[in-house]
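Per-chain residue numbering starts at 1, and chain names A, B, C and D are given in the order in which the chains are listed.
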């Protein structure tokens, strides 16, 4: 049953070949010079909202599965400095610090690459999953999106539309919710838009100052059945303030992430996760402007399947 | 001799207290809502130039000192996928890949934080170097710049101005070079600008496809004596296509990095290093427009002293 | 009160200068050629007990404080192999795998170095704590023990002596317990012995197959008041099957680890933690022989303050 | 030609099934209680030689291929300590340091597991190479040898036998060399022996204090044609003071490591690399005793394909 429904949705939104047999960026192709220039025109106040959460030991990863929180450490610090004038000379005046990090590429606010999820052993555009080895992804890796992730951002504040501080865990956001939010905000979803869907889910963890179980808890998120609507609207990417964009638990068990399967390997849709939307949402509610410039460059890690980001929403 | 000259320059450009005793971002304070909005107005063509170099094993770090090139690895890959329908069910349909990275925060295109370099045991704004421990920087860390690094970018293409493909290793860029480049380009350097200085140095390594010794070789770069000019111009940040912004070898031995000492702990100037400027420079030469929107968000790593970035220059 | 008691104990067992002003290995000096040769003579059956726990993602570290469990990953795996004869030639016949690890040096079965704990800003033998910087420990680092950690091992099975499967969390093992165990086992504790104290605490976690909270839970362990006895007996090292050798919670609050403070910076006693003693203990109970050869080489990590180990007890 | 010769050698030494269809440790099965007890009887002087090289940034890995040198770093150091009595109380008396490491498991003195090299897509005992994924090796991983790597060590000092400080790069050690060395030393190679072959190659790098290119340079090493002799002798493991046990360049191009292919996937022979043999060799030359107890425990990293070690040779 689940498999049939998922299969039907997946084929309905499949974009393989749409941008040629060599394409590796999928729906980011909807972004054009024109949409970028227009998005920049939306910036009138000079306000900037950073949508990335902090990278630190206490974060949203429980470590239960593979992902852990970032581990930051120092090469040199204030304890390694020259102590007097003679040492200043001996050390070439070099007093400073330097640091490094160990982190999963999807441990904080992030983009999934189109190599992140497979459907029946295939990636987006039909590439074989076997092209992803311990050396990384030969196809659809995140560095292929190097200069591509910028355009008009649109916040669909579904929690606000439904008049709740946050949607309930397990609540599946419907097409009607997305359209209702857009209508209430007076914004049209256009081809090439970078859609930010606010569930309010993160606000609970921020309020208590504790990320524990964020990656394990049920959460609200988009329904797998919104995939055809996103396909029709020709959005370039979709991001949310929860762990996986889509609702948990799954609407189509035993598939744990059916929306991922529709979106990534079939539609070629870039997903953004763990976006911090609270300040931006408050500002949009205040000025009534839900469209803005969104600039969210990936780190161009060669052959990587995800990237941490700190997107800027600018109004 | 060197020490006296350096001391004089350092005090001349010192901005301690200028933005209050608690300030941690220095010259980024020159960026305002107005400069950001104006910068967005420069984007008319919708073109995007990504200025970050790839993160990969073969990169600009020799490992001779502490920094090494990024090490990218996989949690899961195409070898870990369900092999048949039964396994798809058993694995909850989950075929995918996941990855992580180990990297110095200053191993690729990057921003230095104001905790990166000390002068006589002090950081920018007078904070003690002892506040940087193995736990990171309590003050002036990069996450304090979270939503701050965006504004008007100005490319000063000094190599082009001097009519050479690349300046010679050891060439110290002067105030006259900077002013001459700006004049030739028809651009004024304004308060809050993010200045990109092109030496052409990186182009040699790109041409041979080999980064070896990039961190060790002599290179062209700005003279320590440009510090007062940058101070007067009230630039928000300066970045270049070499390893350390400043010229190597040093003009003021035994100090290895005298410009760093003037700029970071004294002026509170954010430095950007290893910027990929070739495509942007070619475009500026073609259309004659050397000012643009520059969006270069840091990764907000708590208490970190640097950050890898992928800045977008947009025209 | 606590402070006075701790101070008195610490001074009572202090070995500073005992082996000269340059010594960095403390009580390991009690081990001699003669004690090693004699220990080898104890091996008659050829049985080997490996005392190291597995290095894996699910281990005794909760990550609540700094330490995390080992993160193991692959450079190359079975997915990166030549697929046919032509590829075998092209790849120089090279089909293989390679891997790496990220781990705290004290995340599994381990030795603490004498640079691990300070008393009033000093390390063992009076070295200043400031000699431990982000570059590691200039003095008392684990690599100084490179060929030193081998000798007669003696298992004091206190849980068995007290006739319980495991001592209760919070139970402080006394001098009487140690002497009673030795007497019951018919073994004398001699100068240079490597003492293994079994509390049985680990057996509970092994039985349920879950290490959760092992680093956080209260546990049985040696009393801080055993320090003078260990000092008099001239043991070379002491290890146990709990997280920190000593009892939790502390007998001398607010000091969290008073035994550590006596043992490491004052006595110069090497501590071993998280030792897997179950199989060895069963064998000792069966054959009545509680003394054996113990070989527990450190990884000679330059300037490190701890090392993972896999000690061999041989009978 | 090469392929035929290699194929013939490989089949000649193949031990698949010899110790049952589930065996994962190969020739380590030659070690018995009796050989271990006898080896312990060789220890009369109580002397210990540590055969592991230091783990540090400057080591034998060039980073040209995947492997890099160990990266050691601190969680806490002397800069993070309580500064006065009040802080001692507040910090629970906790002054100390803690550290961690990032390292390839085969970056220093090491054992290869039997999952390290494949022959035609198969591991030792016929297990499929596909069982080694980004999650590690399901079969033949190093933790399977947990308590197995101890026995009689025999040093065959071929450099000394040939009367040179070190064999020439490219020199292939023959069966005659091995037998000649043993005869000159008055030692018989017995079943279950852990053979240490000294080429003297490492001594050149140690003398200049520079490991550069150790992993890339040509080196002396055992000939692929010694494999049948090792097979007949029933040695348990073989180790050497070079990078790969076997001679570089290969005797059977285009195969880069033909001895590895014979030894690991076919014979199931454990290989040890980068062993520090200089002090041990000097002692053996002095006392004429070339057999000793060798204790070389692996770190039991779950599913790993190699392990760093610090073997103890004891006489």
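Heads up, the rule we're going with is that a residue touches a chain if its C-beta (ideal position, glycine included) is under 8 Å from a C-beta of that chain, and two chains touch if they have at least 3 such contacts.
Remember, it's a predicted structure, so these values are computed and weren't measured experimentally.
Chain D is reached from chain A by a rotation of 180°, derived from superposing Cα atoms (nearest 5).
For the interfaces A-C and A-B, the C-beta contact count is higher for A-B. If you average the CA atoms of chain A and of chain C, the two centres end up 44 Å from each other. Each chain gets a centre from the mean of its Cα atoms; for chain A and chain B, those two points are 25 Å apart. Residues of chain A in contact with two or more other chains: 66, 73-79, 100, 102, 130, 133-134.
Arrangement of the chains shown, judged by which pairs touch: all-to-all, with no pair of chains left without contact. Contact residues of chain B toward chain C in the complex are 71, 73-75, 77-79, 100, 102, 133-134. Contacts from chain B toward chain A in the complex involve residues 6, 32-38, 40-41, 43-50, 52-56, 66-67, 70, 72-79, 81, 88-89, 92-107, 115-121, 128-134, 136-137, 143, 146-148, 150, 253-258, 260-261, 293, 295, 297-306, 308-312, 314. For chain B in complex with chain D, the residues that touch the partner chain are 57, 63, 66, 68-69, 71, 74-77, 79-80, 102, 130, 133-135.
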